[in-house]
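In the two complexes below, chain A is the common chain; its partner is chain B in one and chain C in the other.
And now, the complex of A and B:
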């Protein structure tokens, strides 16, 4: 298959996915519509890890901070400057990109566990001392955040509760676009340079890959992707608050990205749905009576479930839920099409 | 005309001086050899030139450019390419992608245009693919185009490393031990290849290797490093006869103890086997690497496994020691069935496996490494016994294993093995990447093992040395045993062992004769004939036994018997 026809197939698949996914939440109540929009925002966060960890092999435990910076940037533009939401998103993404490049600086020297600790520290600093601290309360609204109220998109007034569905569709369209670009990037020259850094930094540098440039670019782009999702949070939730972007969300991003398959773009979508919908389902239907027995499964169970699933997945599906299922389908397909033809052994 | 000038380069790691005021000159179109014992600073020199480490003093010039402060990717842009001793291919990428990455890293490509697949990127992409295919074709790598680099056997990965370096359109190619792990035939092919590459791509080269046959054959000029200092330089012929170089590096020719070996082998004929392997099959994932492997080691016997890269020698050892699960077959060790047993259980029975790369812990000191044996053995072990055997290790007792030279590390591995009082030691590629003098010392240790009654199963690329020390040998071919016999018999009966294994004298240009059977080895036609008839394992064993009682090679006997069948 040539690259062009591959591209056409990808575009077609993305369009089909978009059309199907855009309709799903329509029949549900406002709560689920909110979940759906939140799922896309989280999916952006996971997608940012697909780029950073899956492609370039860098570890980051502060992806939610990038999303938070996007959210605060966009929210501020809307509340304080009454800017058009489009401008707000651009500002949020730009702020996240800038922070990403700054966070990328230590990654030029550090790798592995040390880099994880540094990024964890950055997440902690933003969580405790920027988003929640009194010193920045004039800007961040402190631990309670602030209500965004009404926003303008192309001059149209959008209210978070009334236009939730529209916000969801716009978000989903953007996600599909970025996801498509990411898949393209993987097979392209730039993607190869990124993957070369992942497989062997030493070889990459001596083969002409400018490590400084591509590592910073990777961190910046990754932060921008997370920030793009975050920038829509004020529109979806109608408010900005530190809680969704705290340290623990960053850790959840890392855990769920690995759980679903950190090297695969569709796994990010899967993970986003998992992250947004499962806790809500637990809080809604997690208590009641079943066959005469009282049961109560609260939101706390979600974290435990993620932990347990992660352990099971690392043993059973080492390439992630999406990755391994995909590989198995590929193998089965290859085996099915190869029936009758003799198996040729490679050296 | 001088292309690369290195002046008074000094590199220190902590208190150790890795390079001490070293200077060298490389002329355009020249293949320059850099040799020396392990730890002499050859790889450090490479790292300096390619920009991986920055020297503490001195300067480097490439044409008119000062290199001293240029980062690696800038040097790559100037046309300096390198390969790595410990393979550094991008394992999760296909061979083709491995070649395309340096091409477009050096070209003017843009991340956003790439992600959008704009016409400019699409065009550059097609151009890269074309060029990658051309290089792969020249290096006989076309069949592996779409294979992931990490899945290839080491010998082919080395060739891909060279292909990847050539993809950069280099003007200077730094080759760090390209012949490591290659057998004599493959090394000869590599020599031809390097000369062809110089003609076709107009590349100058700096070559580090321990294989003197390669260095002497391809290099125009040779520098010798020893303990970070330049010991000698000159034409290959004069270097070979330089007394200083012989003392420091090449060493004296080893004495052959063939007759001695012969008598030992004869006395051991009747003993019950210590290790008996029948119909063994094993592999990784979807790939079956070995099948129908039958071999046997008697107590106190030294047995060598030889054969081309990817023939299944390492896999056999791994299956025996329990590192991978055998798929079929029986393995009996000291009367116990051990097929599928846990590796630690097998080790406790007295079967020690020293894997390729030695399996040491780099951040533990020599003494502690040896003391760990007490832990696994369950009784206190006196480590001074090991120091008597390896006096050099006593001086290095407190040093971390990772900071030792390759030869010393191998000594630690052997010392650790002998302390656990094994009955059989399996050693995989003991001499890989080691200087000739060190290799000779290590083979002497094998003799010590034999004197102490420890059986040894050896996987080795240095066939001559291996056959010198061994009682018997098995020749692996395409995942099974093609031939077996006493070492003396295999040494003398060269025609039987496919020309590729013992053929130190190589006649024809092998480049043109790539036969597409994977590694591109040349196989003796008679052996091929033998292999095409898939003899059942039982019959083969009977054949071998008969061959042994008659004192002839199994292959010869088989050919004779097959001939009789034809007559009937």
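And now, the complex of A and C:
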């Protein structure tokens, strides 16, 4: 396939996915509509790891922090300055991008597990200090966070509870756009430079890749993607609080991204749905009696399952759920076509 | 003057806890190459087991020392079993994988342990301590008129003692030499007949034991604790371990005490729960950036 027809196929697939996904939550109640919007927000967080870890090979355990900075930035613009929500999103994304570049600075000298330690520390500092301390009330709105009951988009009033579907469709359209850009980035010049850094920083530098520029760009872009999802959080949830963006969300981002397949863009969408819908289904329907015993499945069971599944996956399916299923399908397809044409490939 | 002395005592006993937690990280990292991000969570779970035995299941007619001893024993036995179980079920299967993959696996362990604990013990704040030595044993520092609890002295003594004890164990016993051989090169050690599996099982067991000891001694300080705060001890422990370069046991303990003091002194002026975390992050950044990254990478790549 030529690259143009490949692009057309991707655009067509994205459009089909968008039209199907945009309609699915319409038939469900408000709770599931909220889950659908939340799923896209989390999917942005996972997509940011696909860029940073999957393409560029950098580890980050603070992606929820970037999303949180996007959320608080947008919330501050709407609540304190009564700005249009589009302006608020731009400010939130810009704040996340800036923080991403700053976090990228130590990454210029660190890699692997040392980078994991530093980003873990950053996530903890934002979780316990920046998002909760009095010193940062101008940014976080104090312990109550920012309330965003009503927001203006292009002068139109949006109510967080009544216009949940509209917010979901906008989020989904943005996600499809960014996902398409990410897939195309993979084979572009910048994408090749990113992957060169992932495979060997020394070799990439020898080939003339500007390590400083591209590493900082990768951290900034990744933070901006996570922040873009986070910036819509106040619109969807009606308020911002530290809890959704604390350290354990960052760890869950890392765990679920790796679990689903950190090198693949569709895995991020799959992970977002997994992260938002499964806990809600569990807490809603996971109680009753079984063989005379009362049982009640809480959110904690979901988190235990994520941990255990991650351990099993890393031992059994090293390329993630999506990656390994994809590889098996490709192998099966290749085997089937080989039988059909009676051609035997000699390796 | 007496305020400074009081803060120094608080900082040193906090530092002793960091040192203990960090010792386990260094021990496991040296012998198995796993940077254990779940170290705080492992200590937390064992601490809560001890706490459960002490407050939930001990008989009211038992004397205090017996209940304490049984709780300590239960916590430590559980910790040893947990370390062994993790080694046999998980880390034995990933010995040849990259260090980063092993670290990500420990994130899975962290999430599972943390959520299991919050399922069993809920997210309440606990403040009922397990006093390893009676709370009434207090020594008053001469000249400064500052009371020093025996539990604080115990923490400092255990941290320093364990650093030298483990150091001596690694240097003078044949099993310790085997552990050092594995940490230098697992392949050549196994070619020389060193039982690599047994060595990594023992280091997981010892590391988990030390983590449990750190957690139980925190409760003896009378500090409020919950499942998350004990799990998040990992960042302070990592900072201390990095000061020791993830290799040296005495430097790690020294790093723990320095970090404890650095985190305590600012609380004279700044009343903030989160500020000490910033101090820990700055220490980590300073150590990682100032230290020659090439030399460090050689350690980290092993």
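In this text, the second predicted complex is superposed on the first by the 333 of 347 C-alpha atoms of A that agree within 3 Å, B and C clash if a C-alpha of one lies under 4 Å from a C-alpha of the other, contacts with A are read in each partner's own complex, and residues count from 1 in each chain.
Going forward, a contact is a pair of C-beta atoms (placed from the backbone, for glycine too) under 8 Å apart; a residue touches a chain by one contact, two chains touch by 3 or more.
Nothing here was measured: the structure is a model prediction, and the numbers come from that model.
Visitor: Which partner chains sit in contact with A:137 here, chain B, chain C, both or neither? Use first/second/both/neither.
Guide: Neither partner.
Visitor: Per the overlay, which chain contacts more chain A residues, chain B or chain C?
Guide: The larger set of chain A residues in touch belongs to C.
Visitor: Would you sort A:211 into first (chain B), second (chain C), both or neither based on which partner it touches?
Guide: Once the two structures are laid over each other on A, A:211 reaches chain B alone.
Visitor: Could you tell me if A:300 is touching chain B, chain C, both of them or neither one (first, second, both, neither)?
Guide: Only chain C; A:300 stays clear of chain B.
Visitor: In the superposed arrangement, does A:150 touch chain B (first), chain C (second), both or neither?
Guide: A:150 contacts neither chain B nor chain C.
Visitor: Which chain B residues qualify as touching chain A in the complex?
Guide: Residues of chain B touching chain A: 50-52, 71-73, 75-77, 81-82, 84, 88-93, 97, 100-102, 104-107, 109-111, 114-117, 121-122, 124-125, 128, 143-144, 147, 152-153, 156, 164-165, 168, 287-288, 310, 518-519.
Visitor: Could you list, by residue number, the parts of chain A that touch chain B in their complex?
Guide: 3-4, 7, 181-182, 184-185, 188-193, 195-196, 198-200, 202-212, 217, 345-347
Visitor: In the complex, go through chain C and note every residue touching chain A.
Guide: 35, 37, 90, 93-94, 97, 99-101, 103-105, 107-116, 118-119, 228, 232, 234-235, 238-239, 242, 272-275, 277-278, 280-281, 284-285, 288-289, 293, 296-297, 300-301
Visitor: Mind pulling up the chain A residues that touch chain C in the complex?
Guide: These residues of chain A touch chain C: 59, 61, 106, 109-114, 116-118, 120-122, 124-125, 128-130, 132-135, 247-248, 251-252, 254-255, 258, 298, 300-304, 306-311, 314-315, 318.
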